[in-house]
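Below are structures written as structure tokens.
Shared between the two complexes below is chain A, which pairs with chain B and chain C, respectively.
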Partner chain A sequence: MEIDRDHGRSPSQLRPLSCSRNVLHRAHGSASWSQGETKVLAAVYGPKAGTKKNENPEKACIEVIWKPKTGQIGKLEREYEMILKRTLQSICILTLNPNTTTSIIVQVVNDDGALLVCAINAACAALVDAGIPMKHLAVAICCCLAESGYVILDPTKLEELKMRGFAYLVFPNSVLSVLPEGSSLVEGEPMENGIITSVTHGVMSVEEYLKCLERGRAASAKLSDFLRRSLQSQLSNDSSKAA
Partner chain B sequence: MDSKPSGSPATFVDHLVVPGDLVVDLSSMTNQTIKLGGGLRQDCDAISVMKAGKLRFSKPNKYWVETSQKRYVPCVEDTILGIVVDSKADNFLIDIKGPALAFLPVLAFEGGTRRNIPKFEVGTLLYVRVVKANPGMNPELSCTDASGKAAEFGALKDGYMFECSTGLSRMLLSSPTCPVLDALGKKLSFEIAVGLNGRVWVNANSPSTVIIVANAIMNSESLSGVQQKIMAEKLLQKIQVNS
Partner chain C sequence: MGVPDASGDLSSEMEVDAFRRLFPLRYFERHLSESVRPDARPLGRARDTTLALGAVASAHGSALAKIGSTTMLAAIKMEVMTPSTESPDEGCIAIDFHMPPICSPIVRPGRPAEAAPVISKQLSDTISSSGMINLKELSLVSGKAAWIAYLDIYCLDADGALFDAALLSAVAAFSHLQIPIVSLNDDGKIVVILEEDDGTKLEKEPVNREKRKLTLSSIPFSLTCILHKNYILADPTAEEESIMETLVTVGLDSSSRLVSFYKPGGPVLAYTSAVQDCVALTRQRVKELQEILDEAISGMEID
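Entry: the complex of A and B
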């Protein structure tokens, strides 16, 4: 019982990814990230002096501004801003630059499904480009639950309409480590099995959620490899002169 | 990539690392002191990376991550170029491209007393040294070297200042002299001041020389050593043909 997808994709196959950094001239860090037809541009400004009202001045503050493709920002975009902000707050080291604000501007270039995860991936790459201190990277993945209970990954806009449940999952990237195998486990599990953010929409049972989690985790390894490769290839271009 | 987990820190030296990578295992190197530079932090028994870049190691025990950014984070003993924004009774306020304005005490000059306070107009370019850079405080600058002598510090008159990335300014200051400056210096005479905060000031007898030098430096950002040399030599040949 296979589920049919456009372009003959298998249920857990991601659309082609592409990432480029330092695309904007004036921003302190920027990145564009695309998954298939979905494309998001993220720009980072900062750290800038001072934090906003109601923020803890002993820590760095992260501000996310969502720019939709057209029109004004509504409730959904506000929710996205909030999710992005919370996610980025947990991967950045906030104590290093107290009383500063880092602004992340997310511009949607094209929305063809899995927009939020695309934005999270773009923002993460842009933060790396700006040199904001981070604990680790994050990779986001969108899992969908079809009527028949099948889990598919990275849906397009058309597929999203047919689904009954969504889970947006953000995982830490898989890290390279000098430590001997198994010593970096957190409570018996490797680091990259942790969850940074989990947002769900629609109805799904616990088993179905766990199934999403498992599929998402498997795909996150691929994503995190891609992120590392694309960061490294662009870094080596920058620093080839140092060699 | 050879990412075999092994105990020796040499595994990652001169490799590109991304945030989250654990590069040094402290449990295997007891009774050793190691010094950490930018982009690294201690995470329990390991040293983890927080910025993407090339991991560097210098004997006997220094580790750091080489990065390039458009924004500067002040660090003690860096020599930088600052611009006067305001002058107060006790301090000049200096823009250093960092998150906060820096203070330059009016007495931090050679033989500085209350009687002879230097006068700087807003917009003056200064070559200064960072003496204090604590998180949460405005950084403090000085126009003297550690022994209280004026050395080369102070206002930079005339000339032309342009901004670049911190990586480029570090390359310009590297020893042996970076190829582009070496090649230019053989044919032209000019004065240059490089600030680690990504500002470069150039002065020469004729404006055309200033422009040539500034353009050559800006173009050398993405070039390797040999390419820089070729680029600079081509540029110099053109001038000789024209003149």
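Entry: the complex of A and C
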């Protein structure tokens, strides 16, 4: 089933996705998310009472702990923790549980490219599983820019090495609402076109970045459908957890 | 604080200060609706920037950059190392960013600041992806010896836009860098010839007489902006950063290519128009910073 791009995956074809919730028994919420060979496990504990120092006690605090596959955490992991924390802060409703801390533990199971993106998607699904109040979901996508200037999505680790530059992009998922069409437009663009998070590596022209954005948005719509479907299908056989 | 107030008596001054502390967001929004910021800057204007090269005499290259009151001291120390087998004819750069407790009340002694490793990582990403430094130039003897450049940046005063100031000081330190002269001794080892020996006759032929300056090909500069509602505020202070949380850092090199578009979360979403506005502001800023750097370099040559 696994088709590599060298074996005929089209540039904008994502690897097979899979998402399962409630995989850990003791955590308040957990999820595992995999994109091809990249797999991340996320667990949520909280909200627990009290916030850490230097955090605003009028809001809920979010704490992210990144566990690499092996070894100690370094600068790269610290950066990932910070990006994850800020991204999740922006999608959670922090004012509902003031003076509490929610911990999200991200365990890398296997890294085969697009790791940060996979972790953001896993953390998001785990937050849903834990029932943390959220404004909307976030969907993350990795866009790569090849030497010749075309954009490919969701690279494997081997592909990442060959690329001139890449961008990790996070968009809000499309919201199903009862409001009339067009009421959620911001400056003539739908809400899901706005960037929550963007991290780039390598040199690209501004036009190429905008091209990445466009392709990322198109793919994020598919991803957000997948996320919604997989969360809804598990909702029905989820009653055991509530008991 | 320089809040314009016509009456100017103490009681109204107190009220403004109290208002600022109690309702910081509303205080800022009142200013923004008048297209001005509390420090009397227009929204898109960066703070005054100064650059001094050669601030640390014992380092091989150094610079002190100030953007407003944000102060960064960067220094480079060169050491000879054995290059790795994967890249035998390349040197390397090790970047470290320090935030000592002196820089901000948020940093407490004994525990390192959360932001420091992140900025350090961002700096090495930006410098390596811009391709500013050709690592082959740091090679001395292929497979045997190459330079390792230890770049240490100290934040002396953290008043917002830390990454911009850190990148500026790093770039300036590299353009000030003077690589020491080395020669091969009898055992085939590299030894550094001290500067004082320059006048006297050298016993050994130096290995790198010509290669004492790095050629910096495309220099990256950056600008941090705050997105708040429809406003875009360039070069925020620490106070602005703590009140309005959506930060976007755009890095462009001297030929206007995008080196980094960094937006770590934040409650405001960036739409295409905001992306383009931030890039346009950065373009202007890059020109300013390039001039400031050129001026500092030419000032050094006159001395």
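Convention: the second predicted complex is superposed on the first by the 234 of 243 C-alpha atoms of A that agree within 3 Å, B and C clash if a C-alpha of one lies under 4 Å from a C-alpha of the other, contacts with A are read in each partner's own complex, and residues count from 1 in each chain.
To be clear about the criterion, a contact is a pair of C-beta atoms (placed from the backbone, for glycine too) under 8 Å apart; a residue touches a chain by one contact, two chains touch by 3 or more.
Predicted model only: the values in this text are computed from it and were never measured.
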Using the superposition on chain A, decide if chain B and chain C clash or fit. fit
Quick check on the superposed pair: does A:L137 touch chain B, chain C, both, or neither? Answer first, second, both or neither. first
Can A:I93 be said to touch chain B (first), chain C (second), both, or neither? first
Which holds for A:A49: it touches chain B only (first), chain C only (second), both, or neither? first
So in the superposed three-chain picture, is A:H201 touching just chain B, just chain C, both, or none of them (first/second/both/neither)? second
For A:L210, using the defined touch cut-off, is the partner it touches chain B, chain C, both, or neither? Pick first, second, both or neither. second
Does chain B (first) or chain C (second) touch A:P172, or do both, or does neither? both
In the superposed arrangement, does A:L161 touch chain B (first), chain C (second), both or neither? neither
Using the touch definition from the top, say if A:L76 reaches chain B (first), chain C (second), both or neither. second
After superposing the two complexes on chain A, what is the shortest C-alpha distance between chain B and chain C, in Å? 14
Which parts of chain A are in contact with chain B and also with chain C? 172, 191
Please output the residues of chain A touching chain B within their complex, sorted ascending. 27-29, 46-49, 58, 93, 95-100, 128, 130-131, 133-137, 172-173, 175-181, 184, 191, 227-228, 231-232, 235-243
So, in the complex, the side of chain B touching chain A is made of residues 1, 3, 5-9, 11-12, 16-25, 39, 41, 45-46, 48, 50-54, 66-71, 73, 99-101, 135-136, 167, 171, 220-225, 227-228
List of chain C residues in touch with chain A within their complex: 106, 114-115, 117-118, 120-122, 125, 129-131, 218, 253, 256-267, 269-273, 275-276, 279
Sites on chain A touched by chain C in the complex: 54, 74-76, 78-79, 82-83, 85-90, 165, 167, 170, 172, 186-187, 189, 191, 193-206, 208-210, 213
